[in-house]
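Chains: A, B, C and D, in written order; residue numbering restarts at 1 for each.
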């Protein structure tokens, strides 16, 4: 099947490779001349036979302008797919805007990171059934072998929503391992931490792909000496907790994981300055000067 | 290799089966006449050739009395293994006590649940190298195929310590999935929650064995209608947080998971009664009568 | 000074009383005929001499329609005050809309609950300095005696923002007392819990007005037997955590207090159902049927 | 009334002053010659008329040796008071040991910090009624004026238990203010943070003594620039959470406050290193080098 793919960064580049390996014709566009197949969006559109399917895989801040430009070039019956990290709440207005031009829209949450090219990508899709069915060959090419790794999660927005929850869970899981790792590091009992992680990789209740990666990371750097305890967040964690607030869902674990990332980016904690100030005020407790 | 195995409950029974299937001679003792191979501890000891290895797999409250009785029957050079859920802090005193009688001691954390018989058990072992080496054939018989699923974690206590941390991580992981599930349940976006869990089972960052089990549970009962939101805890989660407190390790995620279990067992929350009382006092906010 | 006051519920009624006691002329409007001074908004506006000051103290869902109607009746130079629980983010658009008609706008966070009539209300004001100065006699009449209880927090929105943070802190403080109360309840050590709360009311680091109210509540119902552990939330707690997310501020304490309220309103926890399902799947742990 | 007072540090010194001002005869002992009234414990005991009351107010690590030495010098009928930060669980064994020598024992939680000399100290007392009654004049001299600030909380241990819970609550309250402060700092809405804190000091729901101190601290250093966000913990917070674990009490707020203190003392977070390692492994996300 023919696919236009806009955005050939870390994710898009690998997706093109996987799709081509599966026999699909992918025409990619990127502003980096080294990787692009065409020199402009209009050339991309020209090269695709209608009804076209164009998958957008660009950094989230470029998604709206890309869709705006693209929608001026496409024809009724074409389908736009956003596979990037858009907030789910943007999908329905976007789909309605595109529908006025006769264009279909699917939102697709994509998980898999740099491993997806080899292992396949988990895909969570939101949109109308007819659009999903039309694009199914592409999804088949991207998803892993076997019965898992794909869901038509619901109407427009459901794909990004499912991916958002996926990432919220990811935050919590990563932090659970991280807290366990820190406790092992702090304790005098366990002498061989990487061995312990290896012991969990088969037979245990906590076996997972993240655990495999943790073991890999410890093999490369057994005390993680080469790293700083610093982590960005890409939005989905924040949106997950915002949704928990909107829907009155208690979410202590994922929220704590998110807050830990915020804290990891602070040079000093204003809140703890306030605690230090209070302790000094009432108890004359020693403070550290700033 | 010959092994005495005390305790043939859910775990011990399956372990005997797996070891026998691997060609080991297991003599099991249990107070249930249907499953036991011998009628008493002394008969068990008599049937084993010295140097004996005796694995104890009993509910934690019976571990000390069992070891006491057993240590009166064994001979210098024999090895006692505790594979139950003992608190790691009990291991060193126990090992010292046994050492005065010339008995060796290994503490083994065992993970795998009801699936271990088929898949193998993850084993985390604490104790002296010579004792570990002596018992290695047994460990080989219990652990999963392949390079993972076994660690000699350190000296006496390290096995139970590693298992404790394992279970703390397990609490956090389970709760991360659980919060994600609840958000999907609460939201109007995703129509097909079991499908979404299936999509994560391959290719995604959150794939894990627990996820596979969650999918299985949703297949059996898509809205979990047949369950109450109630969960016991078996001690390791509490000990993990206690250790975090002792060692000044921040542990918001695992602690929140533990506290959620506590809350799940309360008919009503005394803390929230206090909050309701306060809101009524200052704001005249309506309260619900008890 | 003359004031129009719209909304004579629990808060507005008491505020009118306090202002009248302070010598101000308050003309109140409410849809309840028993408490209103005028029969319509237009009559209210007619009775006030320009430049008018009209304070709106209505449930948050009625604020926008009330302002819409009112702004059609007022004259350039008049000032509208919103003293209700509006989200701070609504204030700037509202002020800009009113400014096009020559109307001033102040947002005022009001704390004090049912006790404000006697003790005075803490007031946090956002808006232009000239508007604040014009309304200062009213603020003086509402605030407590002495140097505290009033702030011009900043431009439009700052008053509601400060009140939002105030309520977030309130959530955290209440929950700190609540957790302490629950621990005392659960423990076998302290025999006389109300006495302990009394001991903290003077000399201690945790003395506060909320503590006084807690003591009062325990005097009325020493075990809080007459209450259910159920608490609503009025929005400010949610907005506080949303702001923490927007601004990357770690906020574990206030978020946990908010999540506890959410949990207090659930008959059963979907998340804990998921945990129960998982434990049953891997360990054969007993579950409670729904 | 006559009192022997051992330990004349920040707390003990001020307590001696307050008691003397109230007309009591206090004989103080400290190893610092500048402040002590006697040169040895035995001289202290000699100068007191039987039945003696001796109050110990030493750093917690010296409490047991002090009691050991003291109990060899006292006579049956004398009473020992521990007013320090002992763990409640030490009180009953200690009382039983002293009882074998005919000595009474009271454990007293003391709150008030450096302000207690002027304002009085909140006292939470555990022990037998007859001992409490005997020492009541001393308690009256230390506690604040008025009906509050003293409780006979229960039997031996109840005083330290109540003080422990008090400090747990204190952690939570301080952190609630601290999180609110940090949000105000981070936000663009509120221009005058110290003014906002002042507005809360009267009329508001969050008024408290800690708030007064926070305002005082902001007066001295409006942005807390002179401080580092670093806070020790003196044990009671840890014990509070340990008790929550023992008694299955959900305690997210106080635990989060405690964990924030732990984090404040780390140069880098091992847990966040693990998170960074995982993100790098699966997503190729940039990491900061250690």
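The rule is simple: a residue touches a chain if its C-beta (ideal position, glycine included) is under 8 Å from a C-beta of that chain, and two chains touch if they have at least 3 such contacts.
These numbers come from a predicted model, not from an experiment.
Asks: Check B-D against A-B and say which one is joined by more contacting C-beta pairs.
Replies: A-B
Asks: Using each chain's Cα centroid, which is most distant from the centroid of chain A?
Replies: Relative to chain A, the chain with the farthest C-alpha centre is D.
Asks: Distance between chain B and chain D based on Cα centroids, please, to the nearest Å.
Replies: The separation of the two C-alpha centroids amounts to 38 Å.
Asks: Based only on mean CA positions, could you tell me how far chain A sits from chain B in angstrom?
Replies: It comes to 32 Å between the two C-alpha centres.
Asks: Among all residues of chain A, which ones touch two or more of the remaining chains?
Replies: 113, 175, 177, 179, 182, 186, 205, 209-210, 244, 248-252, 256, 259-260, 263, 269, 271, 282
Asks: Mind listing the chain C positions that touch chain D in their complex?
Replies: So the residues of chain C in touch with chain D come to 88, 111-113, 116, 119-124, 126, 143-155, 157-158, 161-162, 165-173, 175-177, 179-180, 182-184, 186-187, 189-192, 195-196, 198-211, 240, 243-244, 247-254, 256-257, 259-260.
Asks: Help me check something: in the complex, which residues belonging to chain B touch chain C?
Replies: Residues 10, 113-115, 174-175, 177-179, 181-182, 185-186, 209-210, 213-214, 216-218, 221, 224-232, 252, 256, 260-261, 263-264, 268-285, 287-290.
Asks: Under the touch definition given earlier, write down the residues of chain A that touch chain C in their complex.
Replies: Residue positions touching the partner: 205, 238, 241-242, 244-246, 248-252, 255-256, 258-260, 262-263, 265-266, 269, 271, 282.
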